[in-house]
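So, here come the structures, one by one.
Shared between the two complexes below is chain A, which pairs with chain B and chain C, respectively.
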Partner chain A sequence: MFKLHYKLERRAIGLTLAIIAAASIGGIVEIAPLFTIDQTVEAAPDMRVYTPLELAGRNIYMREGCYACHSQMIRTLRDEVDRYGPYSLAVESKYDHPMLWGSKRTGPDIARLGGKYSDEWHVRHLINPRDVVPVSIMPAYGWLMDNALRTDDLSGQLAAQRAVGVPYTDEMIANAGADVYGQANPDSAAAAGVTSRYGEATTVRLFDGDPQRVTEMDALVAYLQILGKLTDAASQDTAAVETQ
Partner chain B sequence: MAIEERDPLTGHRTTGHEWNGIKELNTPVPRIVYFFLITTTLFGLVYWVFMPALPLGTTYTKGILGYDERNVVRRDLARAAQDQAHWRDVVAQADFATIAADETVMGNVREAGHALFGQNCAVCHGVDASGNAGFPGLSTGALNWGDTPEAIEETIRVGINSAHPESRSAQMPAFGRDGILQRAEIEAVAAYVRDLGRSGADGAAADHPEGAEIFAANCAACHGDDARGNADVGAPDLADDKWLYGGGLQTVYSSVWAGRQGHMPTWEGRLGSLNIKILAAYLDDLRKARP
Partner chain C sequence: MLSKLTKGEREGGLIILLAMTVIGLVIAIAGRGDPISAHGFLIMLFSMAVAVPVMRHLFDPEPSRDRLDSYYDDPSKVGVVLTFAWGAFAMFVGDWVAWLLVEPNLTFSGAWSSFGRLRPVHTTGVIFGFGGNGLIATSFYVMQRTCRARLPDQLSPWFVLIGYNLFCLLAVSGYMLGITQSKEYAEPEWYADLWLVVVWIVYFVLYLRTLSRRQEPHIYVANWYYMAFIVVVAMLHIVNNLAVPVSLFGAKSHSLFAGVQDALTEWWYGHNAVAFFLTSGFLGMMYYYLPVRAGRPIFSYRMSIISFWGITFMYMWVGSHHLHYTALPQWVQTLGMTFSLVLLVPSWGSAANALLTLNGAWHKVRDDATLRFMMVAAVFYGLTTFEGSFMAIRSVNSLSHYTDWTVGHVHAGALGWVAMITFGALYASIPWLWKRERMYSPALVELHFWLALAGTAVYVFAMWNSGIIQGLMWRTYTENGNLAYTFIDSLVAMKPYYIARAIGGLLFLLGALAGCLNLFLTIRLAPGEAEAERAGSGPAYGRPSAAALQAGE
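Here is the complex of A and B:
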């Protein structure tokens, strides 16, 4: 039974080749599913990219560790679809680098949070969750309202996202700073540029209610209000399920 | 090429390697390891046949069972809809009076409505629908956009100042910030409005005659001459003792000075018409239980 092994052990080159062959099986098992990636990731022609303000909010979401308690992944289970809405599709994370699916829910899943509650609720909830939900155990994030949003690095952030495949145009990258201001100030001249570059459906609002400056609160609320709304593919997918 | 030499103590073969008289044993692999190796290998082979498994260039083997998690959830959802059809169909077709009169249906509406309310509405309006500063209580008192279940259903469907094209919309002007009223005038009218619910229209007018005049000239157009509000334009009743933003003098002053524009999201796309009707029937039932 061990004859082959006994022989291999005595031949350095043969043993090396055998080790490479055995180890590469593990690699193939991980790489092979990518061959069928076109079948895994659905088509979503209506999908738009994150605006600079939403991308900045996403960075704050990562910085504050929101993903440690909130998942962004609705599984294909009846109770999750009943509670949160259509199950998550792979394509919905197409522009997420890195993805923020999370692996643990201390708070609820927020993959479909966009548009569910008002901006005012989000602001009050982030400043002090107990103010609106008395039983909440979420920490307070009051400093988001005090901190001005850092915008000078956003063109670079967009360029980095483009390097990994997000289709930002040169114009989007060049105007990132102006678009951040415009999206959080609907009455400003810069607001028109945001809708022309990112689409009419983009939410341009005074997210934190303060027209004087763009705060981290503006960015995070803008991001929370777009969750699950970059594409309509998921609700179409579930609608197709229901009619079948 | 196995070495035939056996160790006299253990009875196992040796590897034939020897270091200063110490020989290495060639202990056989325990049988249990072979057992699990073979079992898992067989399981893997069977799994390949029955379940989606192997990538084949541009596609993959679907397996005999054709298992797909989306089919599973589709089946579960269809089964759930079937189980609940006996009362959901009634809710979908009947009017609110008929629904309220049917105890069996109402039992289901209360159960489903409570879950829907808890997941979607409670973070703003409170788990018992008693409200919070800036978010109206729904269980008692007048509602800004009408108390009937039909009005509640419409408010849930389109929202208030929401993104829905048919959204209910209302904005209270910023009387102070936009220079419509002077500071002293706002103080007078705020004191009058604050006392409306406490001492009644006559008492408040007697205590604050100037405030009553300013109210008639500026506020009555929306809130009504008697300050009882107008559900057609979403103007709240100011003569009751229920306050949306708080009944302190400073809060009332702020409301008049900077105006108010509440926001309720539209739920049409998220919940669908049937769930919205269940919520309206649930809230109507809740309000009847707590007059």
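Here is the complex of A and C:
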């Protein structure tokens, strides 16, 4: 073996190829089967895609680096299920390009945050977390309320999502701009289009309380309120862990 | 410095810079209304700033042929300065975000300065700015010496160094502008990623060309590691960053992978960024500078071989230990844990090889802070890899994951291993590069060493404490079967440790600033050395002993 190496280390190309070969195996064996083995991602027929407003909120979540302190992955451990709710299933992040499972909980896990607090709570909390949680160390995100949401690129965002595998229809892509407005303005004519395209259960609300315009706050709160609610698959699955 | 380039190289460089200026302008105009526009302007201004000195020297006479008799070290010199600059900047931001976790209002009201945007500035600045520049600067230095061959041309090393720093600038400024794809340690968007691929290919080809010119029959072990660093980081970078951009002149892209597949790809990348960027590359550094500085040959050639191939093969399997108890299929978690445990063998092989090399030179470790940096780095490398294998065990991970313990572990590696070996290698290189007898102030090196060691110790102990307390509080039940603590309870309990951590980071930062000062003083004031270093016949301490150079036993 050392004799062989004595020869190998005299050849730059041979050494390089050997490095590539040795380093390729692990990734191929572990990652490739995740795309081919069917059980990797559970079936969830009720799973819906993000609305344009929620997707825009998700982009803001990424932009502000929220994932650095909040996980969205409840592990299959008793205390996590007791604290945060049913453990996360792979299917729940099936349309997450990229996933936001996170790796650190400086703040709590928020995989099941949707519906836990009111919109008003979220708005106050994001403007200044210490107004509602005095000992919080979360940053204040005042500019979300000031910034109008950018909507001119949303059709393009949905089209790019479709290119990587999310089943957005042509109609969803074409109406992305109108749907953003409709979801944040329940009294507007555009609101009906949102529920017809994304389902009756879609939350159509005045998320930031301001009917004048659609802000980044609208988008982020809409996203936070959908966390854990794209499918019911996880709550149907909890019986398994509770008997353990 | 620029008159050493041939006329053709100067012209080639200028053409590239002008092309970059035009590309930047096109992006700035076509992308208006999108954050990418700001990056167009950045590319344009950066290219113009580099082009100015090139133009000033464009009509200088052709350099004399005796430049070919000595190694080409100018890019290494600039790389060393950039390493210190990025280190000081990124460590400052690191300590700033550490204080933000103590007092969240210690920042400006602008979005650019919020924790979530600054934190990747810190990680990217340290890993890619500080670490990457250190690796590029030392790799140019080491490959020429160990091949006994000059770099094949003088333009491509500059392209690699300057192009790489443009990537770092795009990355760091992007986060503050809100441009990120949010994949941890791979946050830059698609166009910055593509640019890095171009830079990296030039780097790879440069390395191969230098190796092909070598006058040593064998490729020295340091070059195996640098090679693995270059090749495998390219593989990881390309696969993990596959994405579909929203438009050609828009910053945003959507990752090709989703959910569980994306999670494993991300941590396959993430953990191997640790392996091939922060381990392999720096082991290359260690395998050259430690034996040279100690004046001892590497303890065991066979241990080098086993460690190298063990690390290259096994690290690629272990990323899944970041995903224990998640929605990732358990067979992958188990494979990751198993390989993580076996990985301890080649890791400790490298650490032991380094420490045993010091046998017979321990008196130098005592007297020479530069060598002591490298010795402590090897110790921390051993400690951190042990801790890493331990934390990869599923049941340990159930406690440690999501807590500050991980942060402590990472910093034991980043401060104790990566930064220490880098500072050791840089303090060894600086006098050799600038032809000085020694660093201007050995006392400042000594001060830096103790600040760095104290800072690391305070940091790591603080995070061990907070991480384990956090993990225990989250899983503690009362007698009635209810969770004993709210999340907020655990957050309040962290405060003293977050303060201690920020102080530890501050000590480390102060050490790095002492290093910057010493670098400046050495370049400006330290006494020079009479004889110029010639290719293949450098000063005695700058040249590896024959035993260290020869790969054979």
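The working rule: the second predicted complex is superposed on the first by the 208 of 244 C-alpha atoms of A that agree within 3 Å, B and C clash if a C-alpha of one lies under 4 Å from a C-alpha of the other, contacts with A are read in each partner's own complex, and residues count from 1 in each chain.
The criterion applied here is as follows: a residue touches a chain if its C-beta (ideal position, glycine included) is under 8 Å from a C-beta of that chain, and two chains touch if they have at least 3 such contacts.
The structure presented is a predicted model; accordingly, all values stated were derived computationally and were not measured.
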Which holds for A:119: it touches chain B only (first), chain C only (second), both, or neither?
-> first
Is A:133 touching the first partner chain B, the second partner chain C, both, or neither of them?
-> both
Looking at the overlay, what does A:212 touch: chain B (first), chain C (second), both, or neither?
-> neither
Return first, second, both or neither, reflecting whether A:143 touches chain B, chain C, both chains, or no partner chain.
-> second
Of the partners chain B and chain C, which touch A:95 in the superposed model: first, second, both, neither?
-> second
Which partner does A:35 reach: the first (chain B), the second (chain C), both, or neither?
-> both
Should A:3 be classified as contacting the first partner (chain B), the second (chain C), both, or neither?
-> first
Kindly classify A:77 by the partners it touches after superposition: chain B alone (first), chain C alone (second), both, or neither?
-> both
Please tell me which partner, chain B or chain C, touches more residues of chain A.
-> C
Overlap of chain B and chain C contacts on chain A, residues 2, 6, 35, 39, 76-77, 82-83, 87, 133
Note: in the complex, chain A contacts chain C through residues 2, 5-6, 9-10, 12-13, 15-16, 19-20, 22-27, 29-31, 34-35, 37, 39-41, 59, 62-69, 71, 73, 75-77, 79-80, 82-83, 87-109, 129-130, 133, 135-143, 152-153, 156-157, 159-161, 163-166
Can you name the residues of chain A that touch chain B in the complex?
-> 2-3, 6-7, 32-33, 35-36, 38-39, 76-78, 81-83, 85, 87, 112, 115-121, 124-125, 131-133, 235, 237, 241-242, 244
Which residues of chain C touch chain A in the complex?
-> 33-34, 100-102, 104-105, 107, 109-111, 114-117, 119-120, 175, 178-184, 208, 211-212, 217-219, 224, 227-228, 231-232, 235, 239, 243-247, 250, 252-266, 268, 276, 301-302, 305, 309, 312-320, 322-329, 332, 335-336, 339, 398, 401-403, 406-407, 474-475, 477, 483, 487-488, 491-492, 551-552
Can you name the residues of chain B that touch chain A in the complex?
-> 1-2, 55, 57-60, 69-70, 72-74, 76-78, 80, 119-120, 123-124, 132, 134-135, 163, 262-266, 269-270
